[in-house]
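Each chain gets a letter, A, B, C and D, in the order it is written, and its residues are counted from 1.
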């Protein structure tokens, strides 16, 4: 018979998915930043949970208002700096707010091309991926994890898969030439809050894509490891990379029955099920930071 | 009391959303075409509906197999030509198939940029929109309607809205400077099946976007009309343009209450409700073609 | 060379997806109605499209306000009556509004069951389908089309498919016992605006589901026809039924290779591609009403 | 300068979202179980990641085949037992597979009601929620976490929110009567693998819903705590409950400007942003089990 008191454990609350569009219009050539921001606070909120006492509950509506006002007051130099500013505000101004979690997604826009060149104030949404960030403040320590998602890549050759063990349930045929396709979700942890986050993002994305392109792959796992390794080799202030990659199967269609050859040309792109490969690549000797990863929508 | 016999009216059937990835690998520099194809047949299928007699029902599985085999046998020069080839096959080879509807979506890929240049066989999905096409064959006549969707555009200024009538339920404040944003769905009808569909697509898309960018807008309706008009003025073989554009509201956030000015810089991007503006722009004197639009996911 | 003037064709505009939750709290036992309402107006809006003259553009914001205020002023006896009330208001109060289209979806809620019985004011969303309606007023005539969607049904036996023609591309094996599953989208046209719409809806839904269950099916087409026919036989004031049903394939998994029998017990539920069967069932001699179906998200 | 070797950290792989429909047809009254199953293995897979050596990589295709074959060989008494059977198989039969993660979702079906009663083999999908489960085997220990998601509930009264602190960014008005609505995601950890999982699920769901209905709420946090507490009080073999609940805002529409009163009757159901309340409720003295929660899509 279980006898312990029933108590409140870990908890957090806030306002999710504040859609902020920030226009910089200091000159006729406007700039646009398009974010989806979530703010969540942590601390001792037992009184609210147990007695409905809201005297320390910074309303989620207040968090939302702060997000919008800060977009003007501080601007949005990068997702990471904006989230850090929010985090420092909430932990600095409310004694009982011990920490929290601030997350965002960034959507890319490019100028519309007209016969007169790129337009001053008209944009089209574009981009190959969504850029993401999670900042957490835990026991006074700032953790910055950045990433990307929905980055769909495909190699039409340069991928093999064979040599796997066979048991009673194994029917898969070995192959030395297949399509490899995935939708990359990546997260990397910075060891500093003082980084040129925008420049670094572009460099890390380029590094991940280059590895995907250039590695002759014997397994999607091998490609993932190479992608993470390249980032760590290139950037000292990145401590860990986590990758989650569905193996989006492209099955070669059997056309022989119709008297038609199909030497790696026509594929059926399947939806479900799909392989799912998830790995952490890290630097030996670097202290772990489980707090940085807590509640990051990660995996392994 | 209703007394007429209950009978079968308009009907069509087929296989929907065949995901075809076609690689051209004649040289080490591969090309990729990524389509989602739907094939539907029309004719006298009463026996199947009324008695379950399938003797004239070209199986949807057979339609799917044909799609995949044709991707190899005929290649995919353009969506429109591929759909026309499918349509001619089914109406030409099965006496009782009087017509049908063939639809597809095309997803864009670009080469991954590596330090050694664009990669030969590695791609990243990208693009500002999804390209669409619907071919219908009705009474032996071929109708080609092409389009695009999910093309999200935004102007950070150059848009006004005022002068609208006010009744008891009107609370909207007039404005001479707002964000205008929409997700363009466009369809246009060709008067010929013999067009350089890929080149024409790029030109029409450019024309639509340029108008969106350049028109100083007093109403989203005005922008739509200008977009459609530009296409018709530029291309004689386009007979009609249909546009469906949600007005994706971006509300200026009131920061004054926090002592912060907000001169058109910080916006809340709302989800629902949204305005919905739909219009047809056409050329006077051009014969209408209701058959071309039947079952096109259009609107007005 | 095309020479005609470029003119505005069919058009409509309004506010889409106004999410209205209406509570009736006249007694402690509350009632809830949860709707998603779209209002669109038609008429001569050339001045707005061509010149940006909004003097006759009833703002979409005004349309939205009217929806919310009418939810209180008139209540929501049924979707259809609510949409008719909106339509009569807009066509009756703005001379230049010649017609329009009012659409809604209804989401179902049931009372939460507690140890003390169904709760007075606490609800859980449920339901097997979404209930839909489109009212159009064209040339002073009211058209009411009602329907349902996302109603997913499955028969684990009682479905066959054989006797179809075979060509070069046919590989499908005939079967006398398969799973038949679909997601029913149905629309039916009433010949009157004066119907007990809620009671009729329940009766029609029951009729559709009963036919799906009871018909021993030789083709999904046969099942669709029986479903529509039953509705027309039962209800004189329904003139036509349109059904759109994906054939959600459930493939029997081949377990023999593992030494395991699979007599119709384990299936793989596939996503894409899927069959797509669409049919109209109508009563001979009943006048057609193409205006009623214009812009209904229908099909065949 | 970072100097440590770059190494593989935590990782897992497998086949995701195997859609299994299992029919029990021992009598003419069929039973249906509809699952979405993911299998992922853990162990020392360094050789694959670093060298592309697949000799110990149980193919994801093999995992999928096993899922389907086990659905017949072992049946699906409950999600949890099915996942445990899969986990014991993979960890028991492949020496190097040290553990893993097996997850599923269950979709509910009910019999179609016909004039002759509930049908033997025809079903309609329904249900108020999706039932979920995650089984993990870590260092030989089995962890079972079960849950539900997409359970949308609403109270039309019996909810207040006031007494919260006010700062410069606070504009929210206090209320003593509001709609409270959320979509419940719940997870609970069992202390045993030997539970009547189906019966327990129904009892826990009933307990959660009853608390939501009956608690007069001063904050959504208070409701969450009461929901978790009730489960722990009722069931000794549940060690912890985690709840994640968006506060789905329903804003009272201001109709006064139209001369219409709105005493809690007409609401606008907003999409984004939304409050997000997440809490763990646990029993003091019960050992924690972080391994059980690793990779469960949880939160706080």
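Keep in mind that, in the parts below, a residue touches a chain if its C-beta (ideal position, glycine included) is under 8 Å from a C-beta of that chain, and two chains touch if they have at least 3 such contacts.
Only a predicted model underlies this, so the values are computations on that prediction, with no experimental measurement involved.
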{"item": "Number of hops, chain B to chain D, where each hop joins two touching chains", "value": "1"}
{"item": "Magnitude of the superposing rotation for chain A and chain D (Cα, nearest 5°)", "value": "180"}
{"item": "Euclidean distance of C-alpha centroids - chain B vs chain C, Å", "value": "22"}
{"item": "Centroid distance [mean C-alpha coordinates] between chain D and chain C, Å", "value": "31"}
{"item": "Multi-chain contact residues (two or more partners), chain C", "value": "18-19, 65, 69, 169, 171, 258, 271-272"}
{"item": "Partner chain C, residues of chain A touching it in the complex", "value": "168-169, 171, 257-259, 271-272"}
{"item": "Residue numbers on chain A that touch chain D, as the complex places them", "value": "1-19, 38, 40, 42, 45, 48-62, 64-66, 69, 93-94, 161-167, 169-172, 217-219, 221-222, 224-225, 228-229, 232-233, 236-237, 240, 246-247, 272-286, 295, 297, 299-300"}
{"item": "Contact set on chain D toward chain C in their complex", "value": "18-25, 30, 32, 34, 65, 68-69, 71-73, 109-110, 112-115, 119, 121-128, 151-158, 179, 206, 209-210, 212-214, 250, 253, 255, 258, 260-271"}
